[in-house]
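Here come two complexes built around chain A, the first alongside chain B, the second alongside chain C.
Moving on, here comes the complex of A and B:
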């Protein structure tokens, strides 16, 4: 792999890495034909982000031929390469990223002014493929706005705030902080902000839903979008299915996928001002941790990587993987954006022709994705819930 | 009990926000008393508060353009709430750009002070933000704890040096000792002293001036006349409490004074327009 980023794009790359660092501790790097994918996921698998830089973003873009390469690097090490954004802008002329497969190094060389070169050799680990399952184009509610709107909204909430609930009606969006039922409700301060549809560039609501998700992880995207001035698109569906926020331009696409609380947990009292209504909350007899309710469907299959792993190289997303991964096992599909000029290529990690892989099942999840549902954008009509085969305790 | 107020003036909103922010830096929880004419933020000098007492008074007319208040009853026409000023401060800070801010006493999941505002936007509809700050109603039988503190029989009263300077001095002294001695005399001099086994440091302030309280301002004869004008009156206080007071100041006071009751209490008074803030720090042995 051999890529060169020049000029202002170095700073964009750096900003993307910094915003990914708000999600997880590791940076998953995957040079693909349609561009360089940088991904991150948090430890509870409730937040995932991916930046895809098209080949045109680079002044040179060569990927390893013959085999797919994936690795993960401690994100702090990569951040150290791009530490000071101001310095990057002033002194770095280009950034050369090279893969040294023999030594398991990814070398970042910053070519700076006055002939100065800073070389960073970062060791990587082979990694599983990391792609979240989401089909944002099928989601009922789509919005787009200038990042300033979201930044101005988020400023009303304290930095320590974990969760927010976003509710929509045909003309309005309400954003309020979510208070856990277990917490001392009487002492919690409640803040609610109401945005009108004409503040958005695009506001399309098909379902008057309410979703609750973690705000902290989103702030990384907001910083990125605000500094690059790119509009943010927001997609969400029912509670339980993730909320997706994207930024795109001609050479890059960033997607932040955050899991939302599923309906069973949405006990939040109806605010009389809101026009939409929540379904009546079921009795709270689940002993599960909220974290489970937040899981996003993820594929963590082992890639047939360059270094020798002890496993035989199974076809990607085979059922073997499901036994290993401690986290959820799902088949995944990453849908590219149709609107962008980027090359559209669908990465299928499982064909429909194969026998059904292990599906992630959880009693605490509202839905399980069956193979057919992933091929269409129609809502899933029938679902099968199987007992989980994995060893981890989903409690 | 009813409370409905509207703040329309940006400057008033700004000033009120700064007062509330100052209070929030002084204490985590305090009592807010609302009367037809005034608002008071009170901290009673109980042992639970470390003996710190606070009394902040402002006139309602300088905050609200519209103000309707109905107290607990017609004889006790006031409202007494226990509130976390930080929540109030946070809510007010986010609505600084609003054209109008409504403050209401409401009952949501619990009694709340609701701050609601319409924020200006680029589009035709404005953005509505609502903050519900939970409060606890203080029952009438406890109201006596939150009365205006009487002026202590101070021995010396002196104007304070610029608070910023004091803060810098106290910040550095805090690294050396947990206790600080404040002393002042009748000829406008003040010293801040710390003493440890290894070192003692004193900062001297001169020509501060003494406020002319006169006989009517203090009870019981006021400053002892038999005292030498140069004689220092002192009180040893917990340095962190003094530091907290100095750190929190958001408003530059027009008058800042300190009354010392020898080895009993330090009484700090800040005045700014119609806002007065009194802070009592007990002396320690």
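Moving on, here comes the complex of A and C:
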């Protein structure tokens, strides 16, 4: 394998590696015919990211002939090669990546100004193939926006925040932090933002779903997208199915695939039912920020359902909001929110009595047999199946 | 200026009087060698030499010539004492070390001789502070016996390129290996990532190569290929001097001892030198 990256692309490669480091500790390198794939996965296999750099990204791209080569390297060693982005920009003219199969070394040579050459010989280990199974084009909900929108949204959440829930209706997207039932409810703070569909370049909702996923692992992609200015596309389906965020341009494609919390089957059924029985929401009245109106809205719009027993009409401080009725609440909150303004609400939540079942589904890794796959990151060559943690998910 | 109103009579008791309009011209250069608490001061009519040592393997010297000082009077051929360098630097920066233009601390450093404290008169904006720092018997600095006749390889570089390389070097590595040679690779630093050894077997190494014809290279005189290893912990303090300098000379002698000489320009554009000597870790002949 012998590749050369020149000029500004060196910095792009470096940024991609730094963003992959936010996912896992190891960098999986696989030179493919359609480009160089750099992948990472977290230890619980609930987050996966892949950057594919097309041959045109490189000024020279030669891959090992005959056999497929795959390896993994400690991501910290690779990060050390591209440690200072500012320096890279100022002094690096080109980066040469070469494989030395005898010595099990992947050599990164940075050719810098004034003739300085920085050579890093990194040891690698042979690795199994790492491919996540997902078909983002089949997902019900698709969005695209400038990274600034998502960065500005995410900035409202503390860096320590683990999980966020994203819910959508035809015209809006809500992003709020996810609070565990086990957490001390009296200290829980809920932050919720509402984004209107016209803030997005593309907003297509087919199912009014709510997905909860880990925010931390996403931040790496946001940093990458923001610095490269590439729009971010978001794809998700039902809870339990992964959420995929991607950036793409003519020479690269990055996909971040994060597992989402799955409700158990019961809940999912109820959610669907509730969607049908709810009265149509009143027309959006975003000028009305009156808290009383909000309370009334909560009272009257909630349709009784088999698992909606917990909903009642107490004041906000005592309002009971269970995971099961999350979908209904999203719709009611909608009435009192101002358009395009991000609000922070603080209210207490209490257990509904029966903690709902939840578990993050591990992403299913396995052989890809989808015939319609247009995904260049999903070559169908690998038949190796990695065991998922599905045993843990059975409840 | 209050400092200059001291009577002549006072001056006669001092064996050494050195004055600076801008104390930063002394404090900045001392910071570049302040990796230990104690420093040996040695003054001669040529100027001031301050030495800091670490376990007899590393020695740093800062040279401030007499011409740098606004006043430099010495009544003996050689005056020597030892002081706590950390305390001295704190005193020199007693007015807070403001970098506002036009604002500087004036210094008058006086020493009466053996057994007497080092007296510093510092003034800024009309406020005068007097500091007296106890002195100790000066230890004899180690003589590294590094003489120019024994130098095998010498390279003079512009500091800019070395600064960047040093800041990136994995400082948690234990050893830095330096190769200097009349043929390829000419001038090379090798860092072995010993830290990552445990998790991934031999996780590899990195090396930085400077070609002899680089425009950063001002002088390249290497007679024989030499590779020496130095403890990173010993080289780390020299990065402060590197950061201040505009040029650096790297020399090794036949024993593998390393001499790094830094050319530092102070606030007023005057030249001072800082020198580091370092013992090799072990000799590796390639």
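Annotations for the structure displayed:
Heads up, the rule we're going with is that the second predicted complex is superposed on the first by the 264 of 395 C-alpha atoms of A that agree within 3 Å, B and C clash if a C-alpha of one lies under 4 Å from a C-alpha of the other, contacts with A are read in each partner's own complex, and residues count from 1 in each chain.
Keep this in mind: a residue touches a chain if its C-beta (ideal position, glycine included) is under 8 Å from a C-beta of that chain, and two chains touch if they have at least 3 such contacts.
These figures come from a predicted structure and were not determined experimentally.
Once the complexes are laid over each other on chain A, chain B and chain C both fit without any clash. Using the contact criterion defined above for the overlaid structures, shared-chain residue A:60 touches neither chain B nor chain C, since it reaches no partner.
Shared-chain residue A:155: touches chain B; no touch with chain C.
Legend: residue contacts after superposition of the two complexes on their common chain; A:202 is shown touching neither chain B nor chain C.
In the overlay built on the shared chain, the residue A:74 is in contact with chain C alone; chain B does not reach it. Using the contact criterion defined above for the overlaid structures, shared-chain residue A:192 touches chain B, although it does not reach chain C. When the two structures are aligned on the shared chain, A:83 is found in touch with chain C, with no touch to chain B. In this overlay, which is a superposition and not a single complex, chain B and chain C have their closest Cα atoms 10 Å apart. Those residues of chain C lying in contact with chain A across their complex are 161, 164-165, 167-168, 170, 193, 196, 199-211, 213-216.
By the touch criterion given at the top, residues 74, 76-77, 80-81, 83-84, 87, 91, 105, 114-123, 125 of chain A touch chain C in their complex.
Taken in their complex, chain A has these residues touching chain B: 155-156, 158, 185-196, 198-199, 269. Listing the residues of chain B that touch chain A in their complex gives 84, 87, 90-91, 94, 108-110, 112, 121-134.
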